[in-house]
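One chain, subunit A, links the two complexes that follow: it is found with subunit B in the first and with subunit C in the second.
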Partner chain A sequence: MERRFLVAAVVAALAPVLPAAAAEPTPEQILAKYDAVMGPRTFEAHSSMTAHREDGSERTYVMRLLKSENDKFRVWFDEPAAVKGQEMLRSGENMWVYLPNLKRATRVANRDSFQGGDFNNADVLRVNYSADYTGKLAPTDVPDTYLLDLKAKTTNTAYDSIKLWVKKADFQPVKGQYFGSSGQMIRSAEFSDYRELDKGYVRPAKVLMKNELVKARYSTMDLSELKLAVDAPPQRFTQADLGR
Partner chain B sequence: MRELLKLAARNLLRNRRRTLITLAALVLGVGAMVAVHGFISGLQGSLVENIAEGQLGAVQVHKKGFMANVLSSPLGLDMADSPALRQKMEAVPGVRGVTPRIQFGAMLSTPDRPVPEGREPTAAEQGKTSFFLVFGIDPPSDQKVFPRRLTWMAKGQPLTASDSDEVLLGVELADGLGVALFPHDAPRPPETERPALLAPDRDGSLNGANVEVVGTLKAGSPGDRRYGFVGLATAQKVLRMEGRVTEYAIAVNRLEDAGKVRDALAEVLGPEYEVHTWAQILPFLKELFGTQDFIFGIVAMIFLVVVLLGIVNAMLMSVLERVREIGTMLAVGMKRRQVITMFILEGLLLGVAGGLVGAAVGWVAVLVAARIGISLPAPGATAPSVIRPTVTFLYLARSVGLAAAGSALAALWPARRAAQLRPVEALQSA
Partner chain C sequence: MRRFAALGLCLAATGALSGEVNGYADSRSAFTRARVGGLLPADDVAEATELVEANVQVKQRFLTRAFAYGDVSLLTQIAGTYRGLDADGNEVALANHDVAAYHPLVSLNELYLSGEARSWLNLVAGKKRVTWGPGFAYNPTDLLNPAKDPTDPNFQRAGAYMARVELTSETLALTLLGSPAVLEQTSGVPYQFVTYPAWDKKDDQAHYQLAARAYALVANADVNLMAFYGNRYRDAFEKKFRFGATFSRYFFTDYEVHFEGLFQSGSTRAAVTHACVEDARAALACGFAGTPFVSQPLLDDATILPRVLVGARTQFSDEAMLSVEYLYQADGYTAAQFQDLVSAFDGLSQVAALGVPVSRIPGASLLAGGPSADGVPQKFSFEPSRRHYLFASYQKPKIRDDFTVGLVWVENLEDLSGLVTPSVTWAAEEWLSLSLSAFVPFAGPKSLAATAPSTGKAVSEYSMLPMAYRGLFEVRVFY
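And now, the complex of A and B:
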């Protein structure tokens, strides 16, 4: 008791002289930094997603992504031929997929699978964890990382809870575990290939998403090119623009 | 022994009122047991018929390995559909019909309600999307294999053609989506106002078709209510699986022959295919029936024990009334063993008579109920079906046997009481 009091007294006495930078960031601050890494305000990117299935088959989707502020997102699919001409649009809480043979957009949900792979639509088209989850710091088992325990704010989010390991130095994600409503882990992700994709902008160019329900299934998302300063006029993020 | 039997019968006839009351309890007990058993058998039978004639077929044919992988990617284990293959299966003795199907997971997405220009639709006006299990079916042959499903239509009409844009949905699913039924032949509205069927194709790429919901279906069995039907050709187009199917559902002439038909089909089709009966596809059903029978067995036992306790009581009364008489019998040289036998024979006679009449009453009740038919949904179903109670002769015989053995056993204690009497004391009692 006395010793603990002593320690507390020493810490209290030293506190004003400790440099401010050494203070632990709050979970909210870490989450905001993560969002800034994974979803900068605007960008245009080329990316490919490969879905591996348990029967050994795989399929690669080549697409172009365009993001604007306020949760606006577009995806254009180029390959394979079966999905050429398909497009996706996110505007705030609304998300649509446009199928050229239907000549119309159809609403899709955050939790729906993205092209039959192991990413869901929100994994690709919505990178705004600060808006969707509340975070708490938890003891981490990976050196030099923060472990964030995220809980969904609403039931419309992609997952009910997430464990996210973020590097202390630059807030780059290392790995993640994603849980469904029953508390069961449904996906796990590994982030790698940290690259400076645009001037001064570094992020993992490769994400491996493993299906924890059907262990033989996994998908990878590779960013090949990314530009931050792009022209993304608001009219590109409307239903009327789909299929144009 | 024959003398003892005669004595026992006479003793029973001496106090007719008591014997009749005891018999009535036995008749009621055994009769109720048979009738309830018949009703439960009828319920189980109607559930099986609903499944065989409305959902699965009596027998199903898949590509080898399908059932083992049914939860992961069944579209990959498909087979070429050809008239020749169907005819080969139709030629198997006992087969009543063959229909090709594709089972797949899909989403039905309804359009937003129209809103004035410049305003975003509110949450209530936005279209809804729901996951469901879809069966791509070939309407003409499907109706032959699944005649019962036509009686499950809640509203609207069944599918007309394999390549139509029509969809049937489970009634709960349709209500959840809030879709309005579309008349078969009405002109189609513009694309943006139509529901869409979206599904990953065989390779996992998203594809879709504009559809109209033309009918809703009640459920014929317990389980997930999120299911629907679409024309086979339309399903094949969405899944990019032209000319291919994932299963054949097969109807048989007699449901009891499903096992035989399965073996014959497996013989004809060869090792590339696997053939299962409905009971193999839904093994939990047999377990469910087993549990039901077990629970009913316990209830019936308790029932019978109560009735038998009544017999114990009646025979104890009879022993007390006949103390002097038993004393006399013992005094003139009747052996104690014979006294015991006499009382047990009395119990046995009661049991046989009560059991026979009770079983007959229960049987007649079952026959009448089966003749009329009880209109009631099968367990877990919302679609009404006619339940026809059945009971086997084996069960009738077992009930009579149980009643007889039980009554004889019930007589054991009163019989021992009687046999233990001392002749001198018994003769002196008032």
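And now, the complex of A and C:
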């Protein structure tokens, strides 16, 4: 009896420190944290995407991004001159591109290339992994990280499976590997330049996406500015608003 | 004092404005091999042409959610080397002469004011290209704009003058618009709308198109329902109701499938009077009796004659894109009607060879086609005349990084004639692209073709074009 009481007393004394060691977050919680880092509910950002090509040359696209809720996204391209006026919209499962030469919106797919670079449309416009993937924890080879093994819930996603490494301390992503339906790795990503882009909001400002099918090709996405508290009215995320 | 205040306000407003300007300069050097001695006259087809286009697009925002937008092209052309037949039927060089199609042109592609009176209410006034249909090569429901070029759908930028009101919610949009017809213009600049002026009174009617469109995002599909009411707007229909419907959705992740249909009673398509083209004697009899050789017999017909386009598009893992579309138009010519058309053109060419003005033949003007497109001169003008067509387009980008090869195939599924357009584009710099393309019409098998009565030659739709082939080199500089 005395012994039981002693054990209970020790457990009670250690209770404040035990959860940190024992309560390992679930894959769902880690994924939710990752989503909060990479795709906060509402933000406006300025970004550039540089595609590095096989011949060593590069093409840079400058754009403005606006996100609302979990599944609404707008992109306005400012540079280069050849694509100025192009716009993209995601609303739920739907994506459109507005081409100023065509003067109208055309539907595009998640897996279509984003401006011919190594990101696809979903990499940029569909950053809510909790909705699209189920995950489980796997043994990690990178210190102080969780490794999430993600499987697509539906066939609408950009990838069939993803391996995602996130930091234990703050759930910032470190790297990712992206696989197609054949199980072949088609892209890999490295996240860097962790910065406080808005008050209290830190995320990697640079994403390097390597093309694993054509090794000489890779693209980088750099965020230069990001604001969380912005006005994002629902009308900005309608097909009719494209081109205005 | 008021004037100074107004001036001050204007200057203050100007200071607060920050316009966005971009555009391109474009050079198109073409060699066209004229089809001399064909059914359609090729005397005005210059074999060597150089077209230079300067395009500027300006967007000037003002107030909070309003802007003025202009997209204007200035075009100038040099054309030369004409071919024709001499009195003995031999091909000879013709003297350079003035051809209206090669005159300089100002193309006001778009010029409008747009504003949000409320977050859900958008107003537009001016000239704007509004297209509701998802068709890639052809839009049956597009009753407003100059037709686009199926071999390069990006090429036609011009719109229509309109006043538009649009109400939007997250998944719905309701659009009402009215468009006055441009009846008089010079070098692309309009100066008479809706009714003809007193000094050129072709008719007393008002020429306009009204349209209502309801859009809904339903089950991840774009659905449009449209109603049109127009009077002598780009065609001969009077007080005409027409209805349209479109659908576009992705299936199986990567396959976009679309439908676009226009439903109307009757047709404005010109048909040749069969009894007038059976032989020379019949033609003479019609001529003496004043019987029209060509008429629009279905103009007031109550039969619903739909035009429907269905298509699919996908992007492969190597980023190559394939688009396939099928067009059905119920008012297209049957084989017999097409034979009559060929007989009529054959007769016209005989009459023209005798020096008789074709304009004196009753109804012949209907064969000259509809009103000219008030947009940028097109590489290829597509006016489908039969019932069944297939369009296929394939583009493979990123060949050695900057090269894109493409192939557009337009096929008449009835006489199996068509047009093939291969192209190579080199995006040499972010601001510079060079492209080389060819336009090669081809005839279908003789068994499916019509016959020119005077020569006994087989004639299919695309072997009638006044060009045998065309090569085009284009340089475009973006700024």
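Basically, the second predicted complex is superposed on the first by the 223 of 244 C-alpha atoms of A that agree within 3 Å, B and C clash if a C-alpha of one lies under 4 Å from a C-alpha of the other, contacts with A are read in each partner's own complex, and residues count from 1 in each chain.
Everything that follows uses one rule, which is that contacts are C-beta pairs under 8 Å (C-beta built on N, C-alpha and C of every residue); 3 or more make two chains touch, one makes a residue touch a chain.
If you're wondering where the values come from, they're calculated on a predicted model, not measured in any experiment.
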Checklist line | Simultaneous placement of subunit C and subunit B on subunit A, clash or fit | finding: clash
Check: After superposition on the shared chain, which partner residues are touched by A:169: those of subunit B (first), subunit C (second), both, or neither?
Finding: neither
Next item on the list: Could you tell me if A:97 is touching subunit B, subunit C, both of them or neither one (first, second, both, neither)?
Entry: first
Notebook entry, point to check: When the two structures are overlaid on chain A, which partner does A:237 contact: first (subunit B), second (subunit C), both, or neither?
Noted result: second
Next item on the list: Based on the superposed arrangement, let me know which partner A:229 touches: subunit B (first), subunit C (second), both, or neither?
Entry: neither
Check: With the two structures laid over each other on chain A, which partner does A:155 touch: subunit B (first), subunit C (second), both, or neither?
Finding: second
Item checked: subunit B versus subunit C as contact partner of A:107, first or second or both or neither -> both
Next item on the list: Kindly classify A:82 by the partners it touches after superposition: subunit B alone (first), subunit C alone (second), both, or neither?
Entry: both
Next item on the list: Determine, for the superposed model, which of the two partners subunit B and subunit C contacts more residues of subunit A.
Entry: C
Note to self: Looking at A:115 after the superposition, I want to know if it touches subunit B, subunit C, both of them or none. Which is it: first, second, both, neither?
What the structure shows: first
Checklist line | Overlapping contact positions on subunit A, where the subunit C interface meets the subunit B interface | finding: 53-55, 57, 59, 80, 82, 94, 99, 101-104, 106-107, 109, 112-113, 116
Next item on the list: Please name which positions on subunit B make contact with subunit A in the complex.
Entry: 72-73, 76, 107, 109, 111-112, 126-129, 191-192, 194, 196, 198, 200-201, 203-210, 240
Next item on the list: Within their complex, state which residues of subunit C touch subunit A.
Entry: 20, 22, 24, 57, 67, 110, 114, 116, 119-120, 122, 129-131, 134, 136, 153-155, 157, 159, 166, 168-171, 173, 175, 215, 217, 220, 222, 248-250, 252-254, 256, 314-315, 317, 319, 397-398, 400-402, 427, 430-431, 433, 478-479
Next item on the list: Mind listing the subunit A positions that touch subunit B in their complex?
Entry: 51, 53-55, 57, 59, 61, 80, 82-83, 86, 94, 97, 99, 101-104, 106-109, 112-113, 115-117, 214
Margin query: Give the list of subunit A residues in touch with subunit C in this complex.
Written below: 53-55, 57, 59-60, 80-82, 84-85, 91-94, 99-104, 106-107, 109-113, 116, 155-156, 180, 233-235, 237-241, 244
